[in-house]
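Lettered A, B, C and D in written order, each chain numbered from 1.
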Amino acid sequence: MTTVAVKPATMAQALTRALRDAMTADPAVHVMGEDVGTLGGVFRVTDGLAAEFGDDRCTDTPLAEAGILGTAVGMAMYGLRPVVEMQFDAFAYPAFEQLVSHVARMHNRTRGAMPLPVTVRVPYGGGIGGVEHHSDSSEAYYMATPGLHVVTPATVADAYGLLRASIASDDPVVFLEPKRLYWSKDSWNPEEPQAVEPIGRAVVRRPGRTATLITYGPSVPVCLEAAEAARAEGWDLEVVDLRSLVPFDDETVAASVRRTGRAVVVHESGGFGGPGGEIAARVTERCFHHLEAPVLRVAGFDVPYPPPMLERHHLPGVDRILDAVGRLQWEAES
Amino acid sequence: MTTVAVKPATMAQALTRALRDAMTADPAVHVMGEDVGTLGGVFRVTDGLAAEFGDDRCTDTPLAEAGILGTAVGMAMYGLRPVVEMQFDAFAYPAFEQLVSHVARMHNRTRGAMPLPVTVRVPYGGGIGGVEHHSDSSEAYYMATPGLHVVTPATVADAYGLLRASIASDDPVVFLEPKRLYWSKDSWNPEEPQAVEPIGRAVVRRPGRTATLITYGPSVPVCLEAAEAARAEGWDLEVVDLRSLVPFDDETVAASVRRTGRAVVVHESGGFGGPGGEIAARVTERCFHHLEAPVLRVAGFDVPYPPPMLERHHLPGVDRILDAVGRLQWEAES
Amino acid sequence: MTVMEQRGAYRPTPPPAWQPRTDPVPLLPDERPYRVLGTEAAAEADPALLRRLYAELVRGRRYNVQATALTKQGRLAVYPSSTGQEACEVAAALALQERDWLFPSYRDTLAAVARGVDPVQALTLLRGDWHTGYDPYEHRVAPLSTPLATQLPHAVGLAHAAHLKGDDVVALALVGDGGTSEGDFHEALNFAAVWQAPVVFLVQNNGFAISVPLAKQTAAPSLAHKAVGYGMPGRLVDGNDAVAVHQVLAEALAHARTGGGPTLIEAVTYRIDAHTNADDATRYRGDSEVEAWREHDPIALLEGELTARGIVDEDGIRAVREEAEAMAADLRERMNQDPVLDPMDLFAHVYAEPTPQLREQRDQLRAELDAEAQADADTGAAAGPEGAGR
Amino acid sequence: MTVMEQRGAYRPTPPPAWQPRTDPVPLLPDERPYRVLGTEAAAEADPALLRRLYAELVRGRRYNVQATALTKQGRLAVYPSSTGQEACEVAAALALQERDWLFPSYRDTLAAVARGVDPVQALTLLRGDWHTGYDPYEHRVAPLSTPLATQLPHAVGLAHAAHLKGDDVVALALVGDGGTSEGDFHEALNFAAVWQAPVVFLVQNNGFAISVPLAKQTAAPSLAHKAVGYGMPGRLVDGNDAVAVHQVLAEALAHARTGGGPTLIEAVTYRIDAHTNADDATRYRGDSEVEAWREHDPIALLEGELTARGIVDEDGIRAVREEAEAMAADLRERMNQDPVLDPMDLFAHVYAEPTPQLREQRDQLRAELDAEAQADADTGAAAGPEGAGR
């Protein structure tokens, strides 16, 4: 057995690699979207694919998101596995009807006769100084749509593994890519990608005893940082990375909260009507008698995503997380 | 003073009356949508308006929802107050980008210089035997979109009052009309419409002591029925009708739950990622030490809306609500 | 050479050297709808085809009448009749090869049935026991599409996929005049033209979108004139002339099959019945207009030609009608049976595998139903078959 | 008579009596882009107009260069330059009356500035201190629209509203070649034609949508050919010929103003710079193409005419350039000042009145900032001005 060097790679590189490996493994996999071909996508995630697999496997489409997703539906009906890129979060909205009324329902509507293995890649979230409409966190919309899987990686290895799993899934997957983690680096062996659990398994990123931070995507590194900082305050925080919002891993999350007795849900998406409400509610349903305090939420404010110069006030940061942890009624402890 | 007979009217009639009165009171109010003119809308809510106010005030548009809402935005920019009808819940999805990216944001984007007083009427929910795409409960999407008000009446009087308030609001309002209550009747004096609280106030529809049912729109009558049935089991249930999902009336809801110590959120929309998660989470945040049991949720299943012959299994009914009430850990009482 | 390369790389040229990329003239439709019946061209039509079209038209009309009757008997939730439009429905189905695909709109039950879908399965959506009642792959008929125009990009994508795979498959997509106003119509036609996908779009311009007449829908000279804006040919045809529709469709399908790319066809027809059984058409149109169109009935038009040319006699006509009656009787009988429903199906097909959450919900519903059954048994009430209580 | 009634009630007619509803021929564009400069028609152009156009073109180019430079200095988050397209930007602004409205796309900062918007306020979006930096009502310029083509229905609605009110107001909407593929383009044009709204659509076909060339965007003979499908006239114009663009726009605006309804104009131009400063255009196009277009530069074209006709001399040119330099210097200086930001603005404008929830969140942020400031004071750190830390 040869030893392969484990080299640092960015999340964007891991995603490119996942697409390339999926296209190599299965000729049915087609990549399509705006600027995905010659340019390699505005985030360069599809870089090199058109050169390697040809324009018909990695296609620059006309500029029309409903058309992109709608034609992908037809291609999937014919047995292909389209991987659609939406250029930015907010530019997936024109495709909303196709997503909700067709992509999410075709399997159910036809009693499984017509599955739609479509992967919709959506770069999401803020923190990169994008002007309006370039930094939305739209996961609440997708979570509320039965028939979709909603997946989001937080690490380089997961980016690869979860994207491969999404493309391989016979169900449609909305694959949310945290924009500001595209250039995050990690040691990762591209020659022997770590096996990744099937879609739907959360993971404990950092074990801890006194409270659980439940989070996903771009907020995972922030929560890990907060957990480090919390040690100074005497808190030993566990960090759970959900990885998949649908299906939701109740088991892992509830087990953690039962152990720690306290929880804060952290995400960048707006709080009201956002994912945190669902998560807090289901944790409370399952762990009520283990809870020392209500499950709290640290989220983006309930405002349209702010302009670049104000986004730092909006994004959940370490201090805001620690403040919430501090409000978990520690006095009840003694 | 002449006494006016308080006559029974349907919710649809009250809505028509609200539109008519608003159009009479303010020439800036324009009604537009598919079939709203000559036909009076598929639910006849705009019946007679084109005849009375002319085609230019009540306009049959081309069949294109993004176009309808997009042109309404432009009309509002010029000082009109468009009231847009989306023919059915699912047919509002093509207008999603206009709603999220423009309607919800224009006021904020322009620091208030350009308010958009647009009312988007959406008949929603099931229970009328509609085929697919005709029975969606889409409120979760709108709740998760800052910049929109989300309002939904459950009574004939509220239908009138809340629609008038919505049209009068300088903010955009998604006005959700529970389809299956269109023909519900109530004694209501159309000559002297009852003053309705401003948007954002919940109301206790039925006072009770032992648990609170938190609900809105089409589920309000179901909850009232459940509350009646619950008396036989010895439960005295309070029923709170939210009326407005955004803004949310934390005060009324939390006061009720603090009184009763137990709560169930009831809605027809799917449970996962639906409004109930938000509501349960915020009630828990505010009333944790008053709660004898976790806030439970009774909702539609997490499936695409079922075909007519199966919808009765999907819709939250009296039994399912009472089951949930029964799981509120009454043994802890003694 | 990839499909993309075939199209050549466009290089923008400064206006002094600018060239139009396609000659627009051949893309423009005829000035008037193309007709065969009642013209000299009718004599050349193949008698066998005429007979087949006729039998299907009569059958189709009978199906529309029967389905509408079933709504009155509470056996169908709703039925959008295509009475008056049968020539389009039937010609669409007959012009296709078996390996081709049909993408119907919500009104096109008849086209699906004419293509081979079981007449009862085609009504599942409208009876309400499930959504799509047939396996789309069996006859290559996509699910009847309720959200208007959304099926058009699907047809383009499927045709493109088949083209990429080198399969000889063409997709035919149906849409109404109202549906042409939707953004999805535009995006689908544009993708089709850019990809030169083997797809044909048939607009049934029946004059109305529910109550809204064409003048409030478009200001175009004709809907077929939209084609040139995508760089594809537009054709205008008399939608009540089954032979003309069949011919124009056959030409467009052959054009697509041989690499010629997409075509937009506007068939000028009329919706004789109300929008659906639930609609009241008297609110927005007068009888005289309907009468004018009854004079131009697709069945009568074809029957005139058939009898004039002696292709069928009275016996032949009677045989066709009897066959249609038999179909209607069978439909009636089968629709009078209550469908057997399993509420657990709610959870079975949302995903390839139910999520843990759906399994919990399925168990909850099963427990509720068991408890109900137990209660019924205890009180001696007979548990009626599912759905009978509607 | 209402606007609707003016259009008359369409009654569908059986094909034997069918009539096209508009004559399509006058709606079709010329075969080649209309040009004035370099043709005999140039001699008839008003010298005062030429001078004004020239001054604005030079100013516009300078603005583009300055704004691009500001991105390098970290003073702008991003800038989509319209270098090469100034003739369209400037002519659009100048062809409008003061009471008219302009609906720019995200690339059209220049058109907004040429219409009177403060050069710094026009860059607010791209600097990142707020979204729309100007009051749209001040110069009747709608917010720069980032989601492509979504501004087009707004323009139609505003024009329709003005028309209904009897106001003499026309709306001009700008969109790119890529934007024409969006469903909103289609829906907007259709509504405009059906309503006969006083609106003009100007497509700046600059050959690319980021990296995607026109051939992958459309197969149409020209984008102007789309007009006939809506029943409005289509015009094709040399987008680098400021005089031609101005003239075609002025005609279309006058047509709209006098009840003639909408027009679609395609201006053939070229994006000389990359998509934005963040883009690398060498990945998708070669230098020779760019060079060919540099030879057809809008400023050089007009300057040639001006000097040939002796309308400006060297002094005049120098004066124009100096004025442009002064504008650039002022822009640079003002952009080098840090904008003053109030984080509480996050909550102030979401609704006319903040909801109780937003008030809570505002209080939370204020408390956080106070605590931060206190901590900074305690540690003796100087609290820098907001935004400086970017």
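The criterion applied here is as follows: contacts are C-beta pairs under 8 Å (C-beta built on N, C-alpha and C of every residue); 3 or more make two chains touch, one makes a residue touch a chain.
This one's a predicted model, so the numbers in the text were calculated from it and none came from an experiment.
Trainee: Return the chains common to the contact lists of chain B and chain D.
Mentor: Per touch definition, common to chain B and chain D: A, C.
Trainee: Give the label of the chain whose average Cα location is farthest from that of chain B.
Mentor: D
Trainee: So the centre of each chain is just the mean of its C-alpha atoms; given that, what is the distance between chain A and chain C in Å?
Mentor: Going by mean C-alpha positions, chain A sits 39 Å from chain C.
Trainee: Could you work out how far the Cα centre of chain A sits from that of chain D, in whole Å?
Mentor: 35
Trainee: Indicate the residues of chain C shared as contacts by at least two other chains.
Mentor: 4, 130-131, 147, 181-184, 186-187, 190, 194, 216-218, 345, 350, 355, 357
Trainee: Please list all residues of chain B that touch 2 or more other chains.
Mentor: Residue numbers touching two or more other chains: 61-62, 64, 66-67, 90, 93-94, 97, 101, 105, 108-109, 132-133, 146-147, 246, 248, 272, 302-304.
Trainee: Under the touch definition given earlier, write down the residues of chain B that touch chain D in their complex.
Mentor: Going through chain B, the ones touching chain D are 54-56, 59, 61-62, 64, 66-67, 69-80, 82, 94, 97-98, 101-102, 105-115, 146-147, 149, 169-171, 200, 246-248, 250-251.
Trainee: Please give the residue numbers of chain D that touch chain B in the complex, ascending.
Mentor: 2-5, 130-132, 135-137, 142-143, 147, 150, 152-162, 164-165, 171, 183-184, 186-188, 190-191, 194, 345, 348-352, 355-357
Trainee: Under the stated contact criterion, what part of chain A meets chain D in this complex?
Mentor: It comes out as residues 34-35, 37-40, 42, 60-67, 90-91, 93-94, 129-134, 272, 301-304, 306-310, 313-314, 319-320, 323.
Trainee: Could you please specify the touching residues of chain D with respect to chain C in the complex?
Mentor: 4, 7-16, 18, 20-24, 27-28, 31-33, 35, 38, 181-187, 190, 193-194, 196, 205-208, 213-222, 225-232, 238-241, 261, 268, 270, 289, 292-293, 295-296
Trainee: Report the residues of chain C in contact with chain B in the complex, numbered from low to high.
Mentor: Of all residues in chain C, those touching chain B are 77-78, 125-131, 146-148, 178-179, 181-184, 209-212, 216-218, 283-284, 339, 341, 343, 345-347, 350, 355, 357-358, 361, 365, 368-369, 386-387, 390.
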